[in-house]
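The first chain written gets the first letter, and so on, giving A, B, C and D; residue counts start at 1 in each chain.
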Amino acid sequence: MPERSTLLRVEHLRKIYESATGDVEAIGDISFTMNAGELVCVVGPSGCGKTTLLKCLAGLLPPTSGLVEMDGSPVRGPSPAMAVVFQEYGRSLYPWLTVRGNVELPLRHKKLSRAERDTLVTDAIEAVGLPHAARSHPWQLSGGMQQRVAIARAIAYQPEVLIMDEPFAAVDAQTRADLEDLVRELHTTRRISTVFVTHDIDESVYLGERVLVLSNSPTRVQEDLAIDLPPERDQLTTRALRRFTELRTHVYDQIQRAKLGQVAPQSAR
Amino acid sequence: MKKVTALGLVAGVVFALTGCTDSDATPSDQASGELRRVRVAALPITETAALWGGIKAGVFAKHGLRVEVLPAQGGAQAIPALINGDIDFAIGQPFGAFRADLQDLGVVILGNYASSYRDGDDINAVVASAKSGITKPAQLAGRKVAVNSLGAAGDVTIMAAVEKDGGDPSSIKFVEVAFPDVPAQLAAGNIDAAWVPEPFVTQLRSRGDAFVVAPYQAVVPGLATLTVMGATKLKESDPALVKDFSAAMKETLGWAQDPANEVPVRQAIKDNLELPDPVAESVRLPAFGWELDRKSMEALATLAGKYRVLDRQPNFDRLIQQQ
Amino acid sequence: MRVLSARRLRSTRKVLLGVVGLVGFLVVWQLIPTLGLIDPEYLPYVTDVLARLVEEFRDLAFWRRLGLTMTAWAIGLTVATLAAVVLGTIVGLVPLLRRATHTMVEFLRPIPSVALIPLAVLMFGLQMRAALVIIVYASFWQVFVQVIYGVADVDSVARDTARSFGLTLRERLSYLVLPTALPYLLTGLRLAAAVALILAITAEMVIGNPGLGRMIELSRSAGDAVGLYALVVVTGLLGLLVNLVFRFIERRSLSWHQSVRGEEVL
Amino acid sequence: MTPYAGEPVTPYAREVVSGSRFRGAGIRIAAGFLFAFGLPFLALVVWGVWSTRSTNRFFPGPLTIGEAFVDTWVGRAFLDDVLPSLYRLGLGIVASIVVGVAAGTVIGLFRWLRELLEPLLEFFRAIPPPVLIPVAMLLLGITDSMKVVVIVSGAVWPILLNTIEGVRATDSVMTETADSFQITWWERLWFLVLPASSPRIMTGVRQGLSVALILMVISEMFASSSGLGYRIAYFQRNYLIAEMWSGILLLGLVGVLLAVAFGLVERRVLRWYHGMREVTRA
């Protein structure tokens, strides 16, 4: 593997939701770094603040304390260096625009010539395998296809980091496998740095080069695990590898431990 | 929160009830049950003072009638009500009766109510705004002139007055503006001149607008402005009622015309209309009287025919049934 | 607990801001004639208007007029609702009728009810009945259309289920059609109540049958701007009241229903 | 591309044309025609027969009214009375939409503004719009602009309130999407806020249209010397019954045309919305 430079640095990130009567600590203390071109999966028990973390990374939420740094400069709001793919594709795509219009929308304020913009859009739609549906509206497509549109929109934006928030949680298993392969393919061919948030352990191991296991809330990093599977992966052979099973079991253990980590002191009492 | 609202509500009701007034209460409610109930539609204008005053003075009760005055916005509402039998009599401009007669609606004029003056200051006039520079009827040609209702006595007599003065009546641009709105519209320059009754004539002249002509007086002196109407049906089915009412009306109008009774008549204006007192004191009243001047009405209808306001002439033998 | 008090805090803020808005409006109103931007003869001082309002509220004659207006409103609304529910249910249940009446309904519905005022005047002169014609016509369509929507909205599976169990027409109406159509009916009723009030007052203004609308016309023709504005405020308050009451009924009787719950979430 | 877009969502239209496909299109068209025009025709016939027997002079027959319609409205009167009315109506509608959507968007976007104005808006909406005619006459005189103002003062509320509601209810994920892609303010308005609230806005416009038509008529009945409302009132005052009916008929036609025009525009503007609803329902 070639030497990679640090792209994203998170240091002692903490997020507390304030309300009138009490504060809720969603993220306790998270630190990690990510190199350019990496595909990092973030996995954790449900309700552990994955989405909060992701929103902080993307600059959609200001952290209470700590630091998120992109390319050496702190993230203080949504940045053109990041693109987000949301879980709720039905609500994140604009139904009044066509597929093409949706992909094109974020590019409008980038200073690009008409031709450049068209090329980017066409290229992105082809990359996700939807050239035939470019003029359809999102709601005319299946869920999986809609999520492809969301991915196309994100890659056409040419971000340095692609942030995906449980993108495949709402699609059926077969479609999900196809989409996972799409993410792998985009990653290998385009070397887009990706943060992939999921609650699915198999998915995190199958997709990631690294898996970040989060603890229960208030969230910390339970483990930062390198996935030493070969870069060429496919649904059948990769998942059949003994190493895959080992890693999966390991992550599973970690997550169980993460859950117990909170329960243990109570039972000790 | 709810308690506060409820308390507020109770407080409001108590407050409302402790300081109650009732501006409807009329001291002259006839209690006698023997009186026959008659429903009369009348316009809410100063001229109706004769009727209100007559009722209060007990003229109708003397004839065995208890009159209920229903305020009508105009003849258009009163005449259908007359035909349907919802009301027994209506006081309105003769032109409404002309129209009704042309449509064979079965309405007759039973008697006069009020007329304009043959000489002296009349009860209505065309007044022009100072800046329009209009001083005589001929100058109204080509200008914007307001009347309260198009296609009635106002525009017909104005056209005749303009022609008499040597102007072109067909070039006048008539618009409909309700009397109370005239002062503001004249001042704003939306109209050049307007046909208004008292008290507006005095009001406008005193602020510098110019008197142009009193069209009734100039064209048909002594023209009836208001008449008493009834349905043909009622006249046939209940002649006694018509007779009693007519007699009472005649007496009332005579009473109102008597200068000795001016105070109660003006008091009736104050009681029934929301006019400022000085206006009620000074407003010029018409000539009240029961005898119809058929000639003046025929003249009006002829003029209306001439200016294409009416396409036929009403059947006066049928329409006018002086009681 | 936490959520509750947070909500209370928010609603306090809301009430406060609302009061600030209201007071601000009144102050601006008072300032306009004071600064001479508009002649007080045309836009009277708010203090005068409020004083007149208090005076009116203590006058039995005012309440009598208000009663007349509200009587016409209530009768009109009741008649319209009854007619619309009966006809709407029949037409909504029979597809053949629905198709056959479509053109007719689509033509009659957009006729502005006020166009019928002259007709009503000719038919009934200046009685309340003339106003009722217009009130009924206008509010009828609001309910009728909603009832048709509602009756047609009965879930096809539920209908088949009912049929397979051999429910009688009566049972089907009360257990299947009514619950489905109720939210629609109440929406229609709320709209109709507002429309009926508008037309009750309009009719009094144009036709001249006694009531609030006629008082407004009289104030106008007497050049009594203070009274006119006071009455306009009264009609606004009245409309607000009608709106709140019917919205409350809708909420209350449909607390289980999606559309109502959906409104409260956001 | 949008196979469902052509279908309106009224319960009537949802009714699929029954009858077997094999029976041929001819019968189906004939049946459709019969359904569409059968009842109106029948009603006309009954009315015609009834009017020849009835002596009620306030209800002339359809033929008399038809004649009066041609005599009254074809020709000069169309230019003198109908066009000015329609002009004021159009102006009023356009102004209501512009004001309602613009103000509604601003108010919908800012929560504090919404809370500040809510009681006031509720109150103003509740004022029966015809009541404002005397007020408008005081402030503006008897002019065309007064009539337009009256139309706007009534028609703007449903548009305004629905816009506020629509803007307020813009989906949070859609907003976050716009945030994350750093979409500019104008693009956000044009591509997110307005389209997202367009179904509500259109609902408001539909209600606004009928209010506008009513106010056009009433404002002309009060203070006017021309216009459709004035003419109808004039005919009534002069007991020209058939002419009056023809005016009512014309107003009905205007209402229907307005509804049809709105339907066409709505279907175009909300193609995505109706399409989406069809898909979710299926």
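Criterion: a residue touches a chain if its C-beta (ideal position, glycine included) is under 8 Å from a C-beta of that chain, and two chains touch if they have at least 3 such contacts.
Per UniProt, the chains are A = ABC transporter ATP-binding protein; B = ABC transporter substrate-binding protein; C = ABC transporter permease subunit.
A quick note: this is a predicted structure, and the numbers were derived from the prediction, not measured.
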Common contacts of chain B and chain D?
C
Relative to chain D, which chain has the most distant C-alpha mean position?
A
Comparing C-D with B-C, the one with more C-beta contacts is C-D
How many Å are there between the centre of chain A and the centre of chain C, using C-alpha atoms for each centre?
51
Please report how many Å separate the Cα centroid of chain C from that of chain D, as a whole number.
18
Separation of mean Cα positions, chain B and chain A [Å, integer]:
83
Using mean C-alpha positions as chain centres, tell me how far chain B is from chain C in Å, no decimals.
36
Residues of chain D that touch two or more other chains sit at 58, 137-138, 236, 239, 241
Could you say which residues in chain C touch two or more other chains, in rising order?
121-123, 206, 217, 219-220
Could you pull out the residues of chain A that touch at least 2 other chains?
none
Touching residues on chain B, where the partner in the complex is chain C:
15-16, 19-24, 41, 44, 70-73, 76-78, 80-82, 84, 86-87, 178-180, 273-275
Per the touch rule, the chain C residues reaching chain B in their complex are 57-62, 64, 121-127, 206-208, 210, 214, 217-224, 227
For a test of understanding, state which residues of chain D touch chain C in their complex under the given definition.
11-12, 14-15, 18, 35-40, 43, 58, 112, 115-120, 122-135, 137-139, 168-169, 210, 213-214, 217-218, 221-222, 229, 232-233, 235-236, 239, 241, 244-245, 247-248, 251-252, 255-256, 258-259
Once bound in the complex, which stretches of chain A touch chain D?
55, 58-60, 78-80, 82-84, 86, 88, 91-92, 94-97, 105-106, 108-109, 135-137, 139-140, 153, 157
Would you tell me which residues of chain D are touching chain B in their complex?
57-58, 137-138, 141-143, 223-225, 230, 234, 236-241
